[in-house]
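The two complexes that follow have chain A in common; it is paired with chain B in the first and with chain C in the second.
Our next item is the complex of A and B:
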């Protein structure tokens, strides 16, 4: 059941109705039943996987809680008779037990994700190596099911497990309440990846109907549909034409693809998240924002603080930091300092952790070399930019007025937008050598006149479509700029006439210009497949 | 504390670390800076900062960071 189907709108109406008319103590139960119904409609066979994640996480956190309780109780009773070192040793032992439980739960859940998502990819690569080395036999590539949203709910739940181990999250003692945190339907298939401390209590506490929340929620849902149906799905037609026949669309078309795919993924992903956050808001639940005007970023580092924020912070908190400061890495730092000196030695372990984190970020997006190369290219740009920082600082000192100018800011944002768009095109072609060849064609076959002489009209879109896309981009840009400090909805709330006009126009635009309009299941959201 | 300020200034010599109270929240320090600081603290003070202590509250100011080092050193 896609967000863009009539069934989903009907489902949503029933959920809203039941949520607010049933007694408040049943609100979270309504959400749990709705979430499991939503997931079952995507595939009953998927339920087993999400249930395993929920039950294993519940048992693991309860066991960790018991170890902590026993530890505290023992120390309370025996503290007077123990030395400082004995207390420390006892604490370390208890921590070791909790760590073992954590590792087993992580192994099980990441193991399920790894087997289902990456087995076929691994087998294809093994077969390729076997072929290269002249072996005759080939392994059968398994066809495994991939439960919807497994990357998202696994990461969210493992985040909770790690937080519970670290003492940063209260342990949930009701398995059904934990099941709701794992499966909350609006965010189940494309995030945002929430933290238990931010979302857990909100999901299960009662919420009175508030007109403002409900109105804001519906407005944001409408805005999400506008981005998805009017802009993203329209652009998709031209993108598919270009990537289906790459040999016919080199040179300028690659540049066009980079621009159009950037527009499409922005409208698709932020639109999907708008719908998600809007639904939650209408239910009185505030989800973490996943975007903060990403295309205004002046550097790759800034871009990754503004784009898919919850995924970035997940990798930073649960992969990058633990990896960077673990004992083996500390030993490596000391060794590197001795060999290469302080300046270079201190960089090697940090940069190694960065490379591993970005490799995993790429792999999380999909089982393919294009995703891995995409991740590593992001890493390369970030590390090279960091090494060039002293040079930038010199430039800033030498040309302070230029550096502070608006035009220079725009130049930096455009540069970042194009750079991110360029490496993102790996996602379009899904073939690394082909992508590199297509990038090369921009330098050897760049012919803008061929495209303007009728070529772009052969991409499946008419002039009217390009005008609608351009206007859609202008509206998205204007709303993004206007909402920099205070959101447009808040600005309009006390002006009911203007508010009705604006959102009425948005609704009419969706009906008139929605590429296939709601109900035609035009296309899946891009991030559903991750 | 003086040595800690020196470590911080090796990373960003243009920042007043005595006054700044939003090093993480204001984007002065990024994740790579934080790991570099953690590594330096381990090397200089022999204090290992575990990942669960790497949160903005502990890195937003030199004072907060010094308080963290002192706390971990006592344990």
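Our next item is the complex of A and C:
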């Protein structure tokens, strides 16, 4: 059931109604039933996978809790008779047990994700190597199902497991409440990836109907649909035309693709997240924001602090930091310092952790070399930027007025936007050598006049479409600017006439200019595929 | 609080009115593809028909109610539309019977070759023109292709919104009034494109008429029987490889008619007898009749209807005759243009 389908809107209306008319103690049960119904509608066969993740995580956390309880009780009773070393040894032993449970649960769940999502990719690569080395046999590429949102719910749930192990999250003792945390339907398919400490209690505590929350929620949903239907899905037509026949669309078209795809993925992904957060808000639940005006970023590092924030923080907290401080890395740091000196030695482990993190980030986005290369290119830009920091500092010192000027800020943002757009085009072509060739064509094919002289009209969009897209972008930019300090909804709340005017116009614009119904492909949100 | 509620209610009203106006504007007016305007025209001419034709293009291009009246005094109406599927004919008939009870219903069997929903564009041409009733709901549910949604029939704005960037003067002209295109459901074609290609139709993969098509023909038959109406099956004369009537279909329809005691006329082999000349009586190389061919068929069939099916000559009924005379005048006005 796509967010953009009429069925979903009807489903949502029923959920809102039941949520607020049933007794408050049943609210979380309503959400759980709704979430499982939503998931079952995507494919009943998927239910088994999400159930395994839920049950295994529940058992693992309960077992870890028991180990901790036993440890505490034993130490409480026997502390007097134990030496410091004995206490330490006992604690280590208990920690080892918890760690074993954690590892088994992580292995099972990441194993499921890996098998379902990456087996075919691995087999294709093995076959390619076998062919390269002259082997005759080829392995059969399996066709496995990929449960909806598996990357998102696995990461969210494993985050909870790790937090429970670290003692940063309360252990949920009701399996059904945990099931709701894993399957909460608005965020199930494209995030944001929430933390249990932020979301767990909110989901299961009662929420009275609050007009302000509900209104804000509906307005945010509307805003999400505007981005998705009016902008993202309309741009998609031109993007698909260029991707389907890349050899016909080199040179200036690649530049155009980079711009249009940046617009599309922004409108699509932030639109989807707006709908998700809006639904939760209407239910009285506050989800973590996933974006913070990403295209205003002046550097790649800043961009990743503003784009898909919850995924970035997940990789930072659960991959990058543990990798950076783990024992083998400490040993490596020590060794590198000895060999390369203090300055370089301290960098190598950090850089290694960064490379691994970005490799995994790329892999998380999809089973393809384009995603891996995309991740590694992001990493490269971040590391190079870090190395160039002293140079930037010198420049800043030499030209303080220029550096502080508005124009320079715009230049930095445009540069970051184009750079991110460029490497993001790997996601469009989904073929690394092809993408590199297309990048090269920007410098070898000079067809800007051909494109502007009518070529872009052959991309499947008419003049009216380009005008609608441009106006949509202007509206998005204006709302982003206006909402920098206080959100537009808050600004408008006490001015009901203006509020109705704005959101009424938004509603009519969606109805009139949305790319939906027969003649338009009902396109999935891009991040649903991850 | 009261003020806020008042503002909200007013705003919702304004939005509803605005959307209604926009809907009237973007709904296709079918000034070029006139077939799309046929179904709704019936409501302006409801009542007192002794004969109702139902079916696809082969009824609204072949049978001329005005001519039938002129020649035999039979009051009739054609409830046909482009690629009207059997279930659509059934529901249109069911709806018609809520307004009037004719003595006979003529169903053109060409549509029996389709057992499942075909094209959204044709569905819209047939279904959008129907007034809301249980018949329309049934017709929509039976007709929708996978890409369609019921809600888009309830709010056509959702389906046709993209036309907002391609509106024509006709969209404004006919936003709130109908553009009358037919003569009691007959869509006149005065052009002549002679038949030149005498090839036979292409072979079908499967000649078995689908269960679903039979099901709705059964329902039509039962509906007529319940109301005491005679159901007559016909196959309009065509002579084009594009719309070929295969012998295998003919045999199945023949068999069905015999089993259920229905009269079935296949006019294809009778075309010569009724004087149809495929070099002058078709506007699209034999696929459909033009007005000259349609008049010949109507005259031929009218005699059968009068003599064998007891449809009375009502030209002596003053009020009815006046109404038909006015229609005839308009008919000849267009025919002789």
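In this section, the second predicted complex is superposed on the first by the 525 of 530 C-alpha atoms of A that agree within 3 Å, B and C clash if a C-alpha of one lies under 4 Å from a C-alpha of the other, contacts with A are read in each partner's own complex, and residues count from 1 in each chain.
By our rule, a contact is a pair of C-beta atoms (placed from the backbone, for glycine too) under 8 Å apart; a residue touches a chain by one contact, two chains touch by 3 or more.
No experiment lies behind these values; they were computed from the predicted model shown.
When both complexes are overlaid on chain A, the residue A:497 reaches chain C alone and has no touch with chain B.
Judged by the touch definition given at the top, the superposed model places A:250 against neither chain B nor chain C. By the touch criterion stated above, A:462 is placed in contact with chain C alone, chain B being left untouched. Touch criterion not met for A:271: it reaches neither chain B nor chain C. Of the two partner chains placed around the shared chain by superposition, chain C is the only one that A:513 touches, whereas chain B remains out of contact. Looking at the shared chain after the overlay, A:301 reaches chain B, while chain C stays out of its contact range. After overlaying the two complexes on the shared chain, residue contacts for A:284 are found with neither chain B nor chain C. By the touch criterion defined above, A:349 lies against chain B but remains apart from chain C after alignment on the C-alpha atoms of chain A.
Remark: chain A residues 6, 462, 464-465, 468, 496-497, 500-501, 504, 507-508, 511-520 touch chain C in the complex. Contacts from chain B toward chain A in the complex involve residues 14, 27, 30-32, 34-36, 38-40, 42-43, 48-52, 54, 75. Those residues of chain C that touch chain A in the shared complex are 3-4, 7-8, 11, 14-15, 18-19, 22, 120, 147-149, 151-152, 157-159, 161-162, 164-166.
Chain A contributes residues 88, 166-168, 301, 305, 316-317, 320-322, 324-325, 330, 333-334, 337, 346, 349-350, 353-354, 386, 393 to its touches with chain B in the complex.
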